[in-house]
Amino acid sequence: MIPLSHSLTIAALLFVLGLAIILLRRELLFILMGLEVMFNGVALTAIAAGQYWNNPDGQVLTIFLMVVTAAELAVALILVWLAFEHLKTTQVDMLTRLKDDTKGGAP
Amino acid sequence: MSQFLWLIPGSPMLGALIIALLGGYLKQRHFSILASCAAAVAFLTVLLAWLMGAATSQPLQQTLYTWIGVGNWMPTIGFTLDRLALVMVSVVSSIGLLIHIYSITFMAGDSDQRRYYFFLNLFLAGMLLLILADNLLLLYLGWELVGLCSFALIGFWYRDPLRASAGRKAFITTRIGDLSLALGIFLLFNEFNELSVSVLLANATVQWETGSQMPILAALLILGGAIGKSAQLPLQIWLPDAMAGPSPVSALIHAATMVTAGVYLIARTYPLFELAPQVQWSVAAIGTLTIIYGASAALAQNDIKRVLAYSTISQVGYMFLALGCGANALALLHLTTHAFFKALLFLTAGTMIRTNDNEHNIHNLGKRGNHSSLIRWCFLIGAASLAGFPIITAGFYSKEAILTATWSAPTGPLLWAFAAFGSLLTAVYIFRVYFFVFQGSRSGSPMPPIPAPMTWSLSILALASLVVGFVEFPEGWPGLHLWSDWLRDELGSASHPTLATAYSLQFIACVLPLIGIGVALVLVRREKLGFELPLAAFLRTGWNFDALYQIILIRPYFTLARFFKNVEALLIEGTLQKMTRSGMTVATACRDGLEYGVLNKSITGLLAGLRLGHMRLSATQNGLLSRYALMISAGAVFLLGYWLW
Amino acid sequence: MYEIIFYLTSAIAVLAASAILIAPHPVHAALYLVISLLALALLFFLLGAPLLAALQVMIYAGAIMVLFLFLIMVMNLRPGQNQSAPLASGWKGPAFLALILLLELLWILNRFQITATNNITAIEPKAVGLALFGPYLLVVEVAAVLLLAALVAALYLSRKERS
Amino acid sequence: MHSADLISLAPFIALILGGLTILALGVWPKPVSTQILTMVAIAFLFLGAVATLFWDAPHEVNGMLVTDNLSRLFTQFFMFGTAVIIILSSGYTPIKNEVREEYLSLLLFSTLGMTLLIASQNLMMAFVGLEILTVPLFALVAWQPARNGAIEGGVKYALLAGFAAAFFLYGTALAYTSAGTIDLTVLGAVTTNAELLAISVTLILVGVGFKLALIPFHMWAPDIYQAAPAPITALFASIAKVAALVFLIRLLCMQLQHIWEALLPLIWMLAVASMVAGNLLALHQQNLKRLLAYSSIAHLGYIFVALAAGNSLGRDAAIYYALTYALMNLGTFAVITAFTRHDQDRQDLEEFRGLGRRHPVLGIAMGVCLLALAGVPPTAGFIAKLIAFGAAIEAGHTILAIIAVLNTALAFYYYLRILNVFYDTNETNLGAAQYSQGTLIIVVTITLLIIAFGIFPEWVLGLI
Amino acid sequence: MNWLLSVLIFLPLSGALMIALTGHNKTIYVRWAALTISTVELSIALGLWWIASPDSDGYLYIVQVPWIPTMGIQFLLGMDGLSLLLVLLTTLLVPIAILVSWRSISHNWSTFAALLLATQAGIIGVFLALDLILFYVFWELMLVPMYFLIGLWGHERRLYAAYKFFLFTVTGSLLMLVAILGLYFIHGEQTGIYTFDYFKLLHTNLSGDTGMWLMLGFFVAFAVKIPLFPIHSWLPDAHTEAPTAGSIILAGLLLKTGAYGLLRFCLPLFPEASIDFAPFAMALGVVGILYGALLALVQEDIKRLIAYSSISHLGFVVFGIYTWNQEGLHGAMLLMLAHGATTSAMFATIGMLEERTGTRLLSCMGGLLSPMPRLGAMLLLFTLSAMGMPGLANFVGEFLVLAGVYQVSASLAIAGAMGIVASAIYLLWMYQRAMLGEQSSDRIWVDLDRREMLILTLLAVTVLWLGLYPAPFLDYLQVPATGIIESNPAIMTGTEDAFR
């Protein structure tokens, strides 16, 4: 039988991998994929725990997770597309119009 | 009578007030009349006091109101007129009145008489207040007030920066003495919880033992105040410079009245000095040294007013000597005679200077030589009185008495020898001036007539310089001994030498001025031939005291002040700019901040540090999405790390 | 046997996810993602959640991946195009941080003795449905609003005729 | 469903119905004027606010939502705030033509998310509420995508919000792992695996901390403040943030009190970091909107000072602070909205030079709001700080209180800097403010409220 | 008559609001309105002075209204002799500040007047408030408008000066807030009564360390305001850069609030800690006296010079306060009044001088007495007062302080007295450089006009009155001073040991 901690470990691995993707990749779509991976890590945790506690709440949690992810992803993807349309880039490095003006201000 | 006491200082005060407030509505010449009237009222009140028998009765008292009532600190605005004060107010008010009258014509041409008479009246008020004050704080008020007026009048012609500086010098030097007096007041108050002079002295004689620490300290502090005001060694430096003021001012303030305030103060508090014999002796010693100092310095001066200034220093030295020997009454006598003859000398000198286009140099004055006979006679009388020309001058009586009294004091013969030598020098220097000025070629154009007010005041002073001495004939002589008898109750009396000794001392005192005049004749002849006195330059600068003070006190003080200023400027301005420009690191700020001025440097350092922090943090806001996510993860790592730790 | 399948699937899921990290081409990455998601669906099944396994396949592998691929096609993304190397300079710090996070999580998860394992008993879709429409009814309703809001937002943003 | 449930749910229903009605009106065959849409939106907000008045005893709906005093106070406040933002938006020229059914319904849905979030009794409910609050904001930030930086802001916010949501969810999942339930009332009673629960709450704190823009989860805030249209920035800076905060307060101070105590050191550190870094970041900032973002970060630090006290006064202080904080930021951004240029917000501080003198009412309002943010009596900001620091001192956190007051002093520097520019005599720039009557009324109302709450804090304190 | 206290505070406040909202571009009307309001204030204060009997025990007027009962905050105002006199000073100086600015403020009179009146309300509030939170409220309230007075109407480096002023003071006052809260909770825990009421807090039991820390919290706030030696550096900048009216308010009133705070709060609330601290405070005082005097000597900027002289004078005040005896306390209180009158008069005069010469640099002046005798005479009077000339205002206070200090420590008294000598040096040097000597240019100078004479005459009368007949003021200080002395549990044994 699978100990709970093993499932949780795999979930944690997925979570951190997703996080690593977000931190390391420069392409917006990759970042979105990283998000998906992270969410899936969470889902695995919930389902494993649901199995452990033997109640459906874990699965319910995962369902809502999917719904929310879908909603969020939809809007996010459109924003990425808008970035491609208007800013002609989907690279994170290029999205630096909004930042602190480090020239320094008043004395 | 006592309810009119306030009029004595009050009327000149009112005069000053009227001049200050309503001056805009008056013409120049009205000021002099107004001021003279105010002085006259004061004088008349004093006269009235004599007539009403103040001389014989108990001290008169008047208290107006409590000035500052805090606990035991209850100085009143109140006056006491005892015999000591009576003598002083008589001298001050009479000479004050005469000089006011003299000034009417002397200052007639000046365009700023309002200020002149304001301060002259204010001075008179302050001086009378000082004398009449029944408590130390009120005395201090008068004390400072006369100092202020002295400052303002020395620098009366303030457009000349030298004159203005002379005023400031006088004020600050005397203020150092005042500080000492103030501390003395604190000490006395702290000991007795009382400010009234009479009560204080009574308490002191009861509670303190002779020669114990407290009275010594108190007497020393008061002596400090007296030295400053009376221009005794080592605080004498301001007086010669004070001659920058108009001559009547020199006569009134820097010869007759204010400089003798120190004498008055010591006489007033003499019981304290009796409790502290060491201090009393040092009073005498300071007096003696000052006599020699002043006389020798006067010997080499070429400016007529400076001669008189050093002479004043020297003569006040006699008074101190007398005080130091316990002959308070005699000190007072010399104060009185000195007031008259020195005022006379100053006023004649002033007239001469006036009529000779502001010429101060005795050589040049002699060369011009067109002096009216009134002036000549007046100066001669004054000079003789100053030199102590035997029998006929007032100065002889007062000075001789002091010399005699000195003999029997502790280390008396030594003091006497110095004082006698000083007496010789006095005759030499004053007749040197006389011979220079009045034995010159009479080549000048005829004199303009001297106006009546001047003539009158000069004549009265001249008369007084001759006759005032007759109130006190020398010990063992037939004649009056009014003065010392009358004052004995209040001021005590000094011990006298045996009659035989006294006679020989008196003989010497008679002879010395004559010898001095002879020496002066020789000296003048030789000087006219180009001969210089030994050490003349040294003496002329007043023994180089100014330079000495410049080196040991003033320069270091300013240097220190500048140093602090530079430090501040460096710390605030310099670093701020530097730091804002290059964004210096906090470390540098801390290191430099450890230097002297932690204050501003640490502030600017803090600012720079904050700024640096801002810059560093702001640099992280670089718009990079991954960086933002990284920070969030770092936060998560940190928070989770807390649980593992 | 069960364990072997479980760990194998897990390995696939993890490896596929790792592949995304270094895949140069977006399309490859998307495919790796699908693999990972499908492996995950299998894991769900193995963990007794058949309903979720099905939903996973449908929603993720079916719907979301299509969106991704569609967008990749539309934007015509290619490796090397405006793209620094996938693990460009400065990767060490973030990678290190991720590693620490992983270690922390593993430490935490293995610190608690919740290792007791029941036999895998499938939680039936019915039970899930009862929970959804029982205690979670309000959330379901609200989730509908969320979807509506996302719809409105997406609609607005994708409108063409903006001034 | 009982009738009591219906009464409790009425405000939420009003918001949903409002959103739907507006959408329906928007697609109505005959074009409906913007004014009417706005009025309908405000009417539904008003209805919702009125509906909360019918709540009496605290009531739990289905174990998911609770309607107590806290919910009522903030539900009403969110309604008010949304109304304010709607009015501001309708007078705001850069997006004036784009304030239509989508905008308004998204605002209402977002408000629904806030009300759900603060009333939730279940982590799932909270999460969905949080998402309903967030997802419309993705679009609202990027409203009129042609604006400078709008898309970039939207993208950043969407991705980072998702990232933070992952943490939130992971925390939820771990909480579930630890106790087998995500119902907060149950979780509060569970004692097994308390440490795992605490860790899961820590992860939730990461998710909420992102919303609150605490250091180090703050970096999105200035960018988004800068990118969003001023009224939406106002929403971000005020009620959106407060919703997350109130949720946190409910979570920690009311339901999981033992966890709160365990988390105190973490809250302490977050408070210090946020205060110090927030103030430092704001210190020399030249862009006004970014500056206010940083100042918000610092303010959350002060609120966390109160939370770090771990006592009931700290809770009350945090609640009071949250309310006044939102009010002050609403006021500030209302003035910025009023000062907008035709197509873009004024952002650089220089662009505001001398404007306060030219428009005395707006100038005074800005002065009051900024001084309130700085904590000058007799404004609400002062009372908030007073109670917050008082709570810390009562709990014995004197050092924390001293750090906080030193930071307050530091903060004065940049608030005064803004006011200096506002009142400077060299009016280098021309161009008047373009504001509607409604904006003016809003500005005056909020200013008066800030002063009134400062002089009569009992009005609010009594409601907590 | 108690309600008049509230009027004193709210009249200028509402006046300020009215003027700010309606006075745009109506300079003349605004000037007169502000002057009227401040004159009404002055007459109210005079009336209160007239009615009150100096012998009545405790507080002359009290207003007590609950404000935030849940936190134990009240609207508690009280006026004893000390606050009465300080309020009197405030109400006197504000009309003078308005008159001084009559022409010299050229733009935005409405804002200016509003800020001035708001400052006045804050300062009066500080002098009256007896609830600690209320006190803090007014304490901050007076800072903000003052900041703008400096920052908007000041000279070249006004912003720097204004920031420095504000940040220094606000840091101090926030630390005081922490101390207030600390005191509140300690008192609450001890008695179960959570209140900020001054009278109730007076009897809080404070153990050694806690008391010391709380006292230091208060002390820092007040020391910044006074300002004491190491934290004085805001003052020269603020004084130099402020407009004349600002300098008057700053020097005349704001500095007094610090000393007032020491008298009202630091000493009575924390007697034990204050006794332990007294030697340090007096040391700071004497360092301030000498340091200020020293730096004043080398200033080129005449306003900076006066600023440093203020540091020196306020050193005397601190000196007097910590002697904790009759003479010292009376002296300190009276010196507060005297310094308020004298220094603001000097700033007013110098402001007029600056309007004419266009410079504050001493090196650019000189010989100005002859073309402007009235100005010169007035400046001389105030200069003399500042250097402690007997018969003028400062003397009474300084001498009393020194008499008090002498009872504690003779050497400290000597050091302090040196400060008086030094003041003569730098002030006369200043006067000589500005007014005496040769005229530096042959411009045509205009002497004081009627308005300016009115201002200076008022102040001159005050200075003379304080110097010659301080009894009407001193009488009112008896009760407060005795109160403070009675709060001392050890009657100075601690300090005496420390010095002797």
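A, B, C, D and E are the chain letters, set down in written order, and residue numbers restart from 1 in every chain.
Criterion: a contact is a pair of C-beta atoms (placed from the backbone, for glycine too) under 8 Å apart; a residue touches a chain by one contact, two chains touch by 3 or more.
No experiment lies behind these values; they were computed from the predicted model shown.
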item: Remaining chains grouped by touching, chain E not included; value: one piece
item: Remotest chain, chain C as reference, centres from CA atoms; value: B
item: Innermost chain by mean C-alpha position; value: E
item: Two chains joined by the most C-beta pairs in contact, as defined above; value: A-C
item: Most distant chain from chain A by Cα centroid; value: B
item: Whole-Å gap between the CA centroids of chain A and chain E; value: 62
item: Centre-to-centre distance between chain D and chain B (centres being mean Cα positions), rounded to whole Å; value: 76
item: Inter-chain centre distance, chain A versus chain B - centres from mean C-alpha coordinates, in Å; value: 92
item: For chain A paired with chain C, centre-to-centre distance based on mean C-alpha positions, whole Å; value: 8
item: Sequence positions of chain D contacting 2 or more other chains; value: 124, 128, 131, 135, 138-139, 142, 145-146, 154-156, 159, 163, 177, 195, 199, 222-223, 281, 284-285, 410
item: Multi-partner residues of chain B (at least 2 other chains); value: 611, 614-615, 618, 621, 623, 625-626, 629-630, 633-634, 636, 640, 643
item: Multi-chain contact sites of chain E, meaning residues that touch two or more partners; value: none
item: Residue numbers on chain D that touch chain A, as the complex places them; value: 124, 127-128, 131, 134-135, 138-139, 142, 145-146, 148-149, 151-156, 158-159, 161-163, 165-166, 169-170, 172-174, 176-177, 180-182, 222-223, 226-227, 281, 284-287, 290, 349, 417
item: Interface residues, chain D side, partner chain E - complex; value: 357, 360-361, 364, 371, 376-378, 382-383, 386-387, 389-390, 393-394, 398, 401-402, 405-406, 408-410, 412-413, 416, 419-420, 423-425, 456-458, 461-462
item: List of chain D residues in touch with chain B within their complex; value: 155-156, 159-160, 163-164, 167, 195, 198-199, 202-203, 205-206, 209-210, 215-220, 222-223, 265-266, 269, 277, 280-281, 283-285, 410
item: Chain D-facing residues of chain A, complex; value: 4, 8, 15, 18-19, 22, 28, 31-32, 35, 38-39, 41-43, 45-46, 48-50, 52-53, 55, 57-58, 60-61, 64-65, 68, 71-73, 75-76, 79-80, 82-83, 86-87, 95, 97-101, 104-106
item: Residues of chain B that touch chain D when the two form their complex; value: 610-611, 613-615, 617-618, 620-621, 623, 625, 627-629, 631-632, 634-636, 638-640, 642-643
